[in-house]
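Heads up, the next two complexes both have chain A, just with different partners, chain B and then chain C.
So, the complex of A and B:
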């Protein structure tokens, strides 16, 4: 029911948009009509580089998130083990998290060039810090009494981490990954739009940039819609799946 | 509840429409150029107040923008009346329906693809992983590179996957630091600065690629502006002519003005602007060839026969 309503609102908006374009009130150079956008998207998907570009972008995001995730697990583990280390990590996160990836780009290009590695570094920078911050908040939010109970059961440190720390902070970690996913996209698109194709056909950011320089406004909107579409699919299927298997199963959220 | 929601949606849409229909009621004349020696007469015109003299009481806004796409977008939005750019981006805009025309040519300058790699002497020497920096796809540099690739390697799109977009200064630093790119397709003064490096050599010149002389920068004005302010436009054209004349007649003085504006030594600037291969002229050359090549590659497809793209010729 709720989904239907949302769909109706979306359709109504689209209808208005199309009507505006049809009546000539919206200048197609500024607001391309939904049909133009759909046409552009269909054409790029069917005969253009777009499928390759989607795969390319997803590959970089996947790698970036994997690296961020592993770094966060290792750092998080060390934080649980050593309280002093955790204080240091907290400070570093506060210091570096606000730096925009694009501002680091000139340095990154000097270090590793403009290839895939540079984009992955920018993605990791975008994704790791919010993830880390959430992991730290997650760990910090666990009631101390849980560990006391664990002690009473005679759990080892390893068991404490896997049976108490991780499950108890899972909602935070999942939320962290969701933010990391969104940040990874932002980082990827900005990096690609700034220095172009890192691989053969480049990714979606490069596609949007190319649409811009060739004044294909419908192509720009199509690229943005595509990113949203991928976002919805991943939210629904990947994160939905993980949540069902973890926090929902454990009765932590509904 | 439901009507309220619809009202909100309607309000949002009328706002969008209002925004898009925002007309341009400026009392000023806005002009945008980019950075480089090819734009020197514009700088002279600005610094010497040549245009201001002719348009007393009119506020003139000079903008320097980082790339053509930004200038084009600002012109669509009505923020700019006159913009300077190369012929290919102009053609792309016209093809997509921009109501504008070429007002005047500005300059012919040498452009070239430079490499520091001793093994790269011609286009076929670039390897799979060698990347070439240029300002943006669809730029004059990109078109020249594609033309040469078609001629020498049989495939105009040969380098399309190996292009890195960089502004001229960034490209120069990247090339000279040998960090990342194997070639840089650039224009003066960056071209001259790069060639001062002992290892730097030219792999391809714009002339070789094009096969004939061509205008590097043209001045473009919006149709609406031209219709509403014909006197301003005429004054601008005259001022441009005067600036070009001034540069030819007084290269010393011009070099002094440009040196201050660009932060390059006066002597060097003097050498640059008096070179034989740098010509400031209001003529436009090479339109036909760019048009035909871009049409054959599918970069433009709605322009049909050329014509009516230059102001004053039956417009």
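So, the complex of A and C:
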């Protein structure tokens, strides 16, 4: 029902947009019509290099989130084991979390140059801190009784982590990944625009930036739409699917 | 009645546990001793704050002591194990991310390794039948009522065949009608399987209904007042002197 309403609103906006273009209120050199954008998007997807760029972006963000996730699990594990370490991590998260990834660019470029590694570092910076913050809240929220039951059944430390800590803090971990994804997605597009392509592929951000050079304004807007669409698809469908299969099924939604 | 080794399941000997507040030692448990005979249900009865839950935690190996020891079959208890499984008061003790079947499977598969699949399936379904939850194996805990979750917790605890069942006010959080039926369930399983149970409660009627013996704790001393044989097991408020007994115990645990 909610999805249908959102779809109706989106279609209505699209209709206004198209009507504005038809009536001549929107100059196609300033803002293209939806049909031009759709045409450009279809063409870039079918015969252009957009699929390559999408894959490039998704690969980087996938790797970045994977690294962030693993780092968060290892750090979270150390935090459970050592309370002193946890306090340090909490402070570091608070300090570094607000720092925009783009501000780190000069430093990152000096460290590793402008390749994929630099973009991944920016992504990990965007994703890791909010994820870590949620993992810490998640650890704090686990009812002590679960560990007691685990002790009673002789669970090893590794089993306590994978069979108790992670599922018990799943609502926090998933919420953390959602924020991490959104931050990483923004960081990725910015970094791609700044770094440009190494060879053929430079990601969706680079594709948009390149369109500017060719005055391909429909291509630019098409790229923006694509960024929105992928963002929505991942948030609603990927995370929606994960939530339905886990925390919603377990009655753990907060 | 003395305890011969053959019949004694567990012994707690001179347990002392204290903490310091403003430079003064406060005793949670002081010279706490008790024996548990095989096949009996013994209640630890006391007011809240008397140390009864701590006593149970010590027996189960969950908490350390300042002095004294707990012997299970003559062996000193140092950590929790499958020998003694605890059922808690909290009706959220089942893991919410596992359905009832898998909640029960977890300890069973850990205690009995490398058995054929039928072995586990039979054990789990037998337990579900025993606690009256047949057909609820694929339900997640949040889909069950509080009383059903406690039945599930009992099933999970018994499925790995502990020598002792430790119960920490397991029926305190359910309504009176459900509580009665859970007490009946416990007695039923006890009769059928010959369980040995240490049962912590603050509810005198509950202690009188389920126990073979009742250990009465004082309110603040951390000491055992007395351990008494109970003649009211399985009976509910039937005769007049039941109330005298209840009032008498009430006075004792409030001192």
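Going forward, the second predicted complex is superposed on the first by the 225 of 254 C-alpha atoms of A that agree within 3 Å, B and C clash if a C-alpha of one lies under 4 Å from a C-alpha of the other, contacts with A are read in each partner's own complex, and residues count from 1 in each chain.
The definition used in the following text is that a contact is a pair of C-beta atoms (placed from the backbone, for glycine too) under 8 Å apart; a residue touches a chain by one contact, two chains touch by 3 or more.
These numbers come from a predicted model, not from an experiment.
Colleague: Once the structures are superposed on A, label A:36 by its partner contacts, choosing first (chain B), second (chain C), both or neither.
Modeller: neither
Colleague: Pick one for A:148: touches chain B only (first), chain C only (second), both, or neither.
Modeller: In the superposition, A:148 contacts chain C only.
Colleague: I'd like to know which partner A:44 touches here: chain B for first, chain C for second, both or neither.
Modeller: A:44 sits against neither chain B nor chain C.
Colleague: Now for A:13: first (chain B), second (chain C), both, or neither, which partner does it touch?
Modeller: Only chain B; A:13 stays clear of chain C.
Colleague: First (chain B), second (chain C), both or neither: which does A:110 touch?
Modeller: It touches chain B, and chain C stays clear.
Colleague: So, A:167: does it touch chain B (first), chain C (second), both, or neither?
Modeller: second
Colleague: Tell me which partner A:252 touches in the superposition: chain B (first), chain C (second), both or neither.
Modeller: A:252 contacts chain C only, not chain B.
Colleague: More chain A residues touched by chain B or by chain C?
Modeller: The larger set of chain A residues in touch belongs to B.
Colleague: Of the residues on chain A, which ones does chain B touch that chain C also touches?
Modeller: Of chain A, no residue contacts chain B in one complex and chain C in the other.
Colleague: Under the definition above, what is the set of chain C residues touching chain A in their complex?
Modeller: 60, 62, 79-82, 84-86, 88, 90, 92-93, 95-97, 106-107, 110-111, 140-143, 160
Colleague: Can you list the chain A residues touching chain C in their complex?
Modeller: 143, 145-146, 148-149, 151-155, 163-164, 167-168, 170, 246, 249-252
Colleague: Taking the complex as given, what residues does chain B use to touch chain A?
Modeller: Touch residues, chain B against chain A: 5-6, 9-10, 13, 16-17, 20-21, 68-69, 72, 76-77, 89, 92-93, 95-98, 131, 136-139, 161-166, 174, 177, 179-181, 299.
Colleague: Going by the contact rule set out above, which residues of chain A touch chain B in the complex?
Modeller: Where chain A meets chain B, its residues are 9, 12-13, 16-17, 20, 25-31, 109-110, 113-115, 194-197, 199-202, 209-210, 212-216.
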